[in-house]
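The structure that follows is given in the form of structure tokens.
Should a chain be cited, it is by its letter among A, B, C and D, assigned in written order, with residues numbered from 1 in that chain.
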Amino acid sequence: MLLLIPLLPFLGFLVNAGFGRRISRAASGAVACGAIVASFVVSAVAVARLVGLDPESRALAEAVFTWITSGDFSVGFTLRLDPLSAVMILVVTGIGSLIHIYSTAYMHEEPPSEYARYFSYLNLFAAFMLVLVLGSNFLVMFLGWEGVGLCSYLLVGFWYRKQSASDAGKKAFIVNRIGDWGFVLGVLGLFVRFGTLDFQQIARAIAPLSPETTFGTVSLITLLLFVGATGKSAQIPLYVWLPDAMEGPTPVSALIHAATMVTAGVYMIGRNAVLFAHAPQTLTIVAIIGCATAFFAGTIGLVQNDIKRVLAYSTVSQLGYMFLAMGVGAYAAGVFHLYTHAFFKALLFLGSGAVIHALHGEQDLRNMGGLKHELPITYWTFLAGAIAISGVPGFAGFFSKDEILAKTFTSGHTLLWAVGLLTSLLTAVYMFRLVYMAFHGTRRRAAPAPAHPEEEEPAAHGAEHAHLHDAPAPMAIALVVLAIGSVVAGYAGLGGRFEHFLEPSFAPQTAEIAADGSVETTLMLVSIVVAFAGIGIATYYFLKNTRAAALLAARFAGLRLLLQNKYYVDEIYDAALVQPIRITSESGLWKGVDVNVIDGIVNGVGRTVAGTSDVLRRLQTGSVRAYAASLFFGVVLILGYYLWR
Amino acid sequence: MGLFYLFAAVAVLASLLVIAQRNPIYSVLLLIASFGALSGLYVMLEAPFVAVIQIIVYAGAIMVLFLFVVMLLNAPHEDTDYDERVHPLMRPGPMRFGGVLAIALALELVWALTKRAESGRFAGGAVSSVAAIGRLLFTQYAFAFEVTSVLIIAAMVGAVVLARREDWR
Amino acid sequence: MPSLNDYLVLSAVLFAIGTAGVFVRRNLITILLSIEIMLNAVNLSFVAFGRALGSADGQIIVFFVMTVAAAEAAVGLAIVISLFRHKESLNPDTFTELKW
Amino acid sequence: MLTPVLIAQILLTLFVFFMLLNSAAIMVYVERKVAAFIQQRLGPYLVGPKGMLQPLADVVKLMFKEELRPKAADAFLFALAPIISATCAFAAFAVVPFGAETTFFGLLNEPIKLQVADVNVAVLIIFAIASMGVYGIVLAGWSSNSKYSLLGGLRSSAQMISYELSYGMALASVLLLGNSLSLTDIVNHQAGAWLHVIPKWFVFLQPVGFLIFMTAGIAETNRAPFDFPEAEQELVAGYHTEYSSMSFAMFFLAEYINMVTVSAVATDLFLGGWHGPLLPESLGWIWFLLKVAALLFFYVWMRWTLPRYRYDQLMAFGWKLLLPLSVVNLLVTAAGVLYFGA
């Protein structure tokens, strides 16, 4: 049954990849959606069965086959469903289904073969993501981990004829390689240290040990694993690929780069909570990096003009929150935020996609405005998402974000709490800046003429906003369902139910933080105030008094430039890493080592073989009896030897 | 014992002459003589079945085939190059080497056999009944027997394909 | 009564004669005949061993050797015929190339 | 050492040898007379009463003819070939029993078998010697260095090898019924009668086998209508074109002795050997002689009645009809033996 969950989308992939050229758009869309929806149904049934189990032993395992056996080391292709992966598969298949449905409309202008290709990738992604979250050991997880990376690359570069898209795809892939290098090292370290790759066995092995007070083996391993997580989940210093990944189709951004794949790092840490709990040093680093990323990305998000990039930085920022939660040991809070975030961030992306779709590819906020009346469904659903992410009470984001901040504070990381709170403010500000710029006011054409010089998206030649169509039915359905989810998803966490459900997954060590009711209430109030303050600031500067915003921008022109250029991180990376590597590779490795040494060895081997053969071929006379004679000579010698002995 | 030496002498002499002959027809006939002697030895070993099928299969079928080919090609004398004209033992390098190897092999084998002191007299109780052999052949060795039939079919088809003329169609 | 060793020595001598035939003769047919001598030498030792062990297995193996020898002779001679058609020669050293 | 039994055995062997020679002579006379009868002629009538000494005259004539040998012939093989033929013909009869055990009316104190050699694999030996007979003809054909001879020899050996298979299959069917490889056992298996009327001969159980055996036997002995090795119109005289005098006589002898041998074997295998009504067991050999004579007459009758086949027809008949038929016959027999018990 568990196998069915990833298998169904995989079958969908096979169908679309194999016969995509021959079937109509409707057929390939139906296959893909059918596969993922069926997978969702199966997941739901599986989770229902899981919930029916005794809370103490809430897990379903299914050994599909033995993958590797070598000596007493054996890795099975085993799937395991426990509360944590239950949350994940529901998010992946549920939100995945909505995004598939949304895509049938969004991608409708693609030719049928491209359409099928898109859906085959999407299905493949779902399959790998499900393998990732269902895997019961590091190897299976790694299979999914790399698989989603591959799909991410394929989908970011989906419009591969566009230079920037294919570059972005490569960037995503290469940056992820750096992270994966750390991940693989971490996994190898685990194998060396514990002799197994199974999550359960590792957890059981490490549970009796006391946490490392100094930086030791476990800390090193977890740190390496965290390097992998920073790559996959776009944290400092490897977050740079995510904003560029917005070159992909918007539903892809929603599914892969907001709701699911990028949360893999968070999931991975949650999955190995016991392990990480034994490496407090690493956890501190995780918390700091998460918090820094959250703040850092939030500031960049403030000034971006591309609607999707704002959302991308917002995603990075929110992921930072999740890592902050993980770092302070609030695993359940982190996963809870992962879950709510999946709803509202997918919603925001899909909403932005609806806007882009309506404007025929326009992505620059400065060319929008006043869409509120023309795209009512999009507006209201988008607003719901924005409110949710900003942390307004009653909406999903409030519950989870507040939980994280509360846990951070109560675990004693006051500084981190302060930065998190500030980020929360920033979140509200940039989110509502986005809402106001896109939907309120009047339509503008303020952006520098070629907003996207290399723009080649289909039908990009804007049919001058004569009459804009709101989201067509499939998109509207997805938006509405997600909007409802963004509002109500948070209630799942009321009274610690969500946390309680997840408890078995993080079991033995979830630090019982003394829940001081009064502190919590105070913190909650602070959060609410901050959220509303952020919305207020945004309303003031971007709706009521846009001139003030311009003034502010002029006053802090340097800072603005710095932010707009994303702290020049890409440029720094280019100068510090990319160029030196390129120069070394080209003049040193290629022209020096490869041409002289490697080619020299290869050619030398060739020449040696040729020369030797030239001598040896004289032995091949073709005379059968000469061969027979040599054979018999050997027989006589061997027989003689044994007789002589 | 005398009979054994008679048959052995015939077998060895005939075999030697087989390889010393220049005319393949004589080689074939001498080989048949050698087979006849071996057949006699099989009778002495109380294996009359083997003795008879030695004659039927080897002398009656395989050697006829050889004779046929020799007659068909009819080229025993035309094909004599230098090596065929000189006596086998006078031939140059490799052949002499091969001959020496053969002699060395014989010496080694005889040495190996005489190294052991005991002479290995035959105990009583030979299986000479055709019925017993047949029973074994169709029970214990049934699979091998069937495989052999497949082998024969394959050889038959192979021989036909190989020997047919190019302009067969 | 000759002993087992007598038969085995005879078998060894015949085998060596066959071996020598393969080397010293330059006529494919004679070489095939020499191979038959070798097969028969082995057959003799099988039957002798079978007799010594009081078992029928030796004779049965000889039976199989004979069938295989028949198949070998048929295919071998067919090859000889087709080779002779190509090169008008029976000297094995004429055929030193893998194709023509 | 020379016990009466041994002496009797030696005498018996010599007697069989002598009688085989005689049978050839008699068959020559019979053949001529029957041919003449069929063709409404008189046949030999000058030498002796009713020409009965004609075979003797033939022998004398052959003996006094010049022994000719083609210049290009291979002398040794040319001389060897007829000897092989004749030897094989005589040798095959050695294992054929032609009467029940007898003491020669009390002359001996223990009975001996009317048979040169009693071997428990007699059937196989007959088969082996028959296959050796090919060599005489092949070598004769080749050593004569004449195209007629060569073609005759090749045809003959091909024919004999082809029909040997059906011959062997028919033999095997009888072996299944007789449950032995010894001809004596097989003959004794046919003693008695069903319902006191029908003798228990295998010919009644194996009618198809008998026909196959006789057909293949005729082909094996190179008799008409399968006499290709010596088809006069095509090959002058086939493999013995170049032979004359006594060497020719030997081929001639071999042909007739082979006929006798095949008939005798057929009698032993199918016609109950020396078993028959009226006569006592000790006089069984008379029955045997009568049966063989009948079969020999059949041979002669065939020769002068049927036209010769074409060579390709002969091969097609042998491989495509006779062999499959004999295989089917063998299978049916085996099934019958399994079902009814041996």
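Everything that follows uses one rule, which is that contacts are C-beta pairs under 8 Å (C-beta built on N, C-alpha and C of every residue); 3 or more make two chains touch, one makes a residue touch a chain.
Since the structure is predicted, the reported quantities are computational estimates derived from the model, not experimental observations.
Asks: Enumerate, in label order, the chains that touch subunit C and subunit D alike.
Replies: B
Asks: Please identify the chain lying most centrally, where each chain is represented by the average of its Cα atoms.
Replies: Of the chains present, the most centrally placed is C.
Asks: Report which interface contains more C-beta contacts, comparing A-C against B-D.
Replies: Output for the comparison: B-D.
Asks: Would you mind pulling out the distance in Å between where the CA atoms of subunit A average out and where those of subunit C do?
Replies: 74
Asks: Between subunit B and subunit D, tell me the centre distance in angstrom, where each centre is the average of that chain's C-alpha atoms.
Replies: Here subunit B and subunit D have centroids separated by 30 Å.
Asks: Could you grab the centroid distance between subunit A and subunit B? Build each centroid from C-alpha atoms only and quote it in angstrom.
Replies: Each chain reduced to its C-alpha mean, subunit A and subunit B end up 78 Å apart.
Asks: Determine the centre-to-centre distance between subunit A and subunit D, using the mean Cα coordinates as centres, and give it in whole Å.
Replies: 97
Asks: Return the residues of subunit A touching two or more other chains; collapse runs of consecutive numbers into ranges.
Replies: Those would be 623, 625, 628-629, 632.
Asks: Going through subunit B residue by residue, note those that touch at least 2 other chains and give them in order.
Replies: Within subunit B, residues 49, 53, 61, 94, 97-98, 101-102, 105, 109 contact more than one other chain.
Asks: Show the residues in subunit D shared as contacts by 2 or more other chains, in ascending order.
Replies: None at all.
Asks: According to the definition already given, which pairs of chains are in contact?
Replies: Inter-chain contacts occur between A-B, A-C, B-C, B-D.
Asks: Which residues of subunit C touch subunit A in their complex?
Replies: Against subunit A, subunit C makes touches at 19, 22-23, 31, 92-93, 95-98.
Asks: Which residues, counting only subunit B, touch subunit C once they are in their complex?
Replies: Residues in contact with subunit C: 1, 4, 8, 11-12, 15-16, 18-19, 21, 24, 27-28, 31, 34-35, 38, 41-42, 44-47, 49-50, 53-54, 57-58, 61-62, 65-66, 69-70, 72-73, 75-76, 79, 81, 83-84, 88-89, 91, 94-95, 97-99, 101-103, 105-106, 109-110, 113-114, 116, 119-127, 132-133, 136-137, 141, 144, 148, 151-152, 154-156, 158-163, 165-166.
Asks: Help me check something: in the complex, which residues belonging to subunit A touch subunit C?
Replies: Going by the criterion above, the answer is residues 621-625, 628-629, 632.
Asks: Quick one: which bits of subunit B touch subunit D in the complex? Just the residue numbers, please.
Replies: Contact set of subunit B toward subunit D: 25, 29, 32, 48-49, 52-53, 55-56, 59-61, 64, 67-68, 71, 130.
Asks: Can you list the residues on subunit C that touch subunit B in the complex?
Replies: Those in contact with subunit B are residues 1-10, 12-27, 29-30, 32-34, 36-37, 40, 43-44, 47-48, 50-52, 54-60, 62-64, 66-75, 77-82, 84-85, 88-91.
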